[in-house]
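There are two complexes below, and they share subunit A, which is joined by subunit B in the first and by subunit C in the second.
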Partner chain A sequence: MSESKVTFEKGNVALAKAAVAAGCRYYFGYPITPQSDIPEYLSGVLPRIGGQFVQAESEVASINMLLGAGATGKRAMTSSSSPGISLKQEGISYMAGSEIPAVIVNVQRSGPGLGGIAPSQGDYFQATRGGGHGDYRVIVLAPASVQEMYDLTVLAFELADAYRTPVMVLADAMIGMMKEPLEEWVPQNPEPAKDDWAATGAAGRPGRRIKSLYLGDGELAEHNWKLAQKYERIRREETRVQIELPEGCELAVVAFGSAARIAKSAVDRLNDEGRRVGYVRPITLWPFPEEAIRRVAEQGVPLLTVELNTGQMVEDVRLAVEGRAPVHFAGYPPGYLPSPDDIYDEIVRRLPAGKEAA
Partner chain B sequence: MKPVFVRPQSLTDKPFHFCPGCHHGVIHRLVAEAIDRFGVRERTIAAASVGCSVFLYDYFDIDVVESPHGRAPAVATGIKRTNPDKFVFIYQGDGDLAAIGTAEIIHAANRGENLTVVFVNNTVYGMTGGQMAPTTLLGQPTTTSPYGREFGQDGYPIKMTEMLAQLEGVGFAARVAVDTPARLAQARKAVFRAFETQLEEKGMGFVEILSSCPTNWGMKPLEAVRRIEREMIPYFPLGVYKERKGSDAL
Partner chain C sequence: MHHDIIMAGFGGQGILMIGNLLAVGALRRGYRVTFFPAYGVEMRGGTANCTVTISDREIGSPVTARPLGLVAMNEPSVVKFGPRVRAGGVVVVNASIVPEGVLDREDVRVVRVPCNDVAADLGDPRLASMVALGAYVAASGVLPVDAVAEVLPEVLPEKVHRLIPLNQKALEAGADRAGA
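Moving on, here comes the complex of A and B:
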């Protein structure tokens, strides 16, 4: 962090600024609430710094423009919100299969269907299960603050290039629309050279193919195993989680993104009151921090998963815990954003009886 | 000895997999000739589509990016906008361009993307086994219009070149055929013009090429070639539908 400045910024704008700081000069998108601050900001900035902003005719077109740009090795991105992300899934599957780096932002609204524009975490399954067809994974980063909208977007570009794979930033209407202090910093990691694989015009070499079609005997199985090994490497090296576990922890809350943000206030208050409540916040939703969660469960600590949906990440928590500790769930489908008080009550309800604050 | 017929440099020596009498091979050659003629092989990036031409990347010795079915105009937009110094062409069938990808081709055209489009109209979905395409002629039986296409049920065959020629972003639009030597020469000229349109930055250069599909038409190659003259050209008239002249650059 050589130069940095602090401003007061909306989450969506922080994300857009991070993209520019990370060297992204190309944006393709289609308007949808609650993420339109991103294209609005970038449509002003990119053309002035030698970049391109294209408002496409649809999310289908914009993901495929991103595919084309990424295939030539350019840092590029698209952003949308839930229904638009559904439309992008075929393109994301092709990019995973063709090993094209790209950054896709989902500022979640609520569904299913047209649903609503309130914050929700209803797209957890879609984001972490690949979303499109075929056996692939997408790295999913879940910011829980305006600062993280910036930090994790910079990371998204780096991971996309490092592993040649699509990376998703999974935010929601709350994180995208709220304002907080933001420290803008200049990323130092240089963009890697891509002329060893990208489509750059076959100057002095044979033509290259950027593709996902493999019809030769055994070729596709081999390709799928190659991808699987890459995903294994990502699991090993890129899993990120924030864990705060007090001595003698009575219960730990597991939550991501805006739910984690709200839950943190409740956890802090309980700890101030003398209880010993832990906090586990997955920052990468895929790869999921299953080992970290398993270690908490191994200490016999019960877990309470809090989500802005009717229960999605809780399945991953249960898979990680494998019966070693009780896993509770508090869910808030769209339309009601829980307060720290709500989550405080949910925690207290599950705390072991008779061990009141000293 | 003076060679009278050589393989274009930008084609590989891999034998085409196309069915006997299919025109994709001839059209591939025309495109390769244009790449050689304008000397753009080392700065060409193509967006392949999904259809019988999906193996384009096996036959051209150039950089090729695969596109999902119908989305080549969007993929090519992404390539060209981020690499304006590159030469970018797309090659699409009628199911790809005129059905699933209609929105993408119209909007790429309307934005005046500097792209060269080769549109192969064989009035069927070749790769998937001869189902009805948006270009299937009235009365033409296909595997999904077994009684022949009927307008009350399936609508009319779509005329993409006429539609696209209306758009300001299109610099050149023509429909050609490759069923006779004379028409082949005209087709070559049209493909070259579509290349020049991009090189001169005059917006989209679009060539529709009427093509045979003997296998899915259930015809012998010669019969299929005759069908182009007898049935296709009357409904899909050949000609240049739009040509933006030198001065009125986009």
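Moving on, here comes the complex of A and C:
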């Protein structure tokens, strides 16, 4: 870390600054609320530092430009919000199949369809199940603060290169629009060499094909198994979660991103009041921190999953818990942003009876 | 300390600007801060509000159902947010356009300041929100008025820096009104 001046920054801008710091010089996108601060910022910066900013004619065009840039081995990014991310799914599938590294940002708004511009976590399934066609996964990072918009975006570029795979940063209108102190830092990990695979021009070497089409006998099965092994390696090595489990924990809240921030106030208040409430915040949504959650359940701690939707991540929590502990759910579909009081009440009515704080 | 404030009014009244000022003022005095804006798809003439949270420990939620303070620049904001303010809190009401009696509460301190009129006297009606911020800071004691004035150069866009002394006067005028 160097130059530790703290600024007061919007989440979207923090993310855009992180992309530049991580060496991203190519951005392709199409405007949509609530993420347009990202292209706005990058349109001012990238052309001045030798990069390219393209406002494409559509989301479909921009994701395919990203595919092309990623295939050359350059760090590149696109960003959009829920309806726009739906349009990009075909390209993401092609990138996963072609093992092209790139960063895709979804600052979620609400759906289905055009929905609205309010914060939502309705795209959890789409993000964590691949989203497009075919048997693939996308690494999904879920920032819960402006600082994490920066930190996890840097990480997204590093993971994309390390595993040659598309990585998604899954934020939402709340994390994208809010402002918090930001400490920018300069990434120290060098960008890995890509001259063993990237389309860098075939002068002096045989040509390469970066593709997702496999028609030869057995080729595609082999390719899918190769991808599966990669995803297994990612599961083992890249799962990230924040866990705060007090001694004698009575119940633990599981939440990510904006819902986790709101829930944290409720958890803190209950612990101040003498209850013992845990806090589990998945930072990677895929790979999902199932081991960590299973260990909490094995101690007999009931879980309350809180999401800004009608119940998506709770399915992964239940799969991780496998019946070892009760899994409750509190959901808030778009249009009503819950307050800490709402979540406080949800926790209190699930706490074991007869153990009221003094 | 944990202090959360909702600031609300018409779009274009400078609500988000004063929210930013308060947040950055607190940040530079060493506090943790969050700023969360909410506005409709409309711009000028629509509604705008933001929540500023100032704390000496890590802040969870940037949103709150029951703030400790409210700055209400128009009547709909008093109606919507006034009843939610926690007992013992401070409510600054723009008395220039909000009639008396809109908020009937004994358990909060209601500070009525004719922000538009004070701003007009200073020579620029756009200073109304700055007057309200000065009044809120002084009435609540959340920060010294200086803490906000000091960050004017950081928060205001450079093209309006020549107006910093005038903005400072507006803050002070608001603070004076709150003390009266």
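Quick note on the criterion: the second predicted complex is superposed on the first by the 358 of 358 C-alpha atoms of A that agree within 3 Å, B and C clash if a C-alpha of one lies under 4 Å from a C-alpha of the other, contacts with A are read in each partner's own complex, and residues count from 1 in each chain.
Rule of thumb we're sticking to: a contact is a pair of C-beta atoms (placed from the backbone, for glycine too) under 8 Å apart; a residue touches a chain by one contact, two chains touch by 3 or more.
This is a predicted model, so every value here is computed, not measured.
**Student:** Touch test for A:Tyr41: subunit B only (first), subunit C only (second), both, or neither?
**Tutor:** Neither: A:Tyr41 stays clear of subunit B and subunit C.
**Student:** Regarding the shared-chain residue A:Pro340, is it in contact with subunit B (first), subunit C (second), both, or neither?
**Tutor:** second
**Student:** If we overlay the two complexes on their shared chain A, which of subunit B and subunit C does A:Tyr136 touch? Say first, second, both or neither.
**Tutor:** neither
**Student:** Which holds for A:Ala203: it touches subunit B only (first), subunit C only (second), both, or neither?
**Tutor:** So A:Ala203 only meets subunit B here.
**Student:** May I ask you to decide whether A:Val54 touches subunit B, subunit C, both, or neither, giving the answer as first, second, both or neither?
**Tutor:** In the superposition, A:Val54 touches subunit B alone.
**Student:** Return first, second, both or neither, reflecting whether A:Phe8 touches subunit B, subunit C, both chains, or no partner chain.
**Tutor:** A:Phe8 contacts subunit C only, not subunit B.
**Student:** Flag every residue of subunit A that touches subunit C in the complex, lowest number first.
**Tutor:** Those residues of subunit A that touch subunit C are 6, 8, 117, 174, 177-181, 261-268, 337, 339-342.
**Student:** Which residues of subunit B touch subunit A once you look at their complex with the stated criterion?
**Tutor:** So the residues of subunit B in touch with subunit A come to 12, 41-45, 47-48, 54, 57, 60-68, 71, 74-83, 86-87, 103-104, 106-107, 111.
**Student:** Could you please specify the touching residues of subunit C with respect to subunit A in the complex?
**Tutor:** Checking each residue of subunit C against subunit A gives 20, 23-24, 27, 32-37, 41, 59-66.
**Student:** Touching subunit B in the complex: which residues of subunit A?
**Tutor:** Of all residues in subunit A, those touching subunit B are 25-26, 28, 52, 54, 56-58, 60-62, 64-72, 74, 76, 90-91, 94, 98, 199-204, 206-213.
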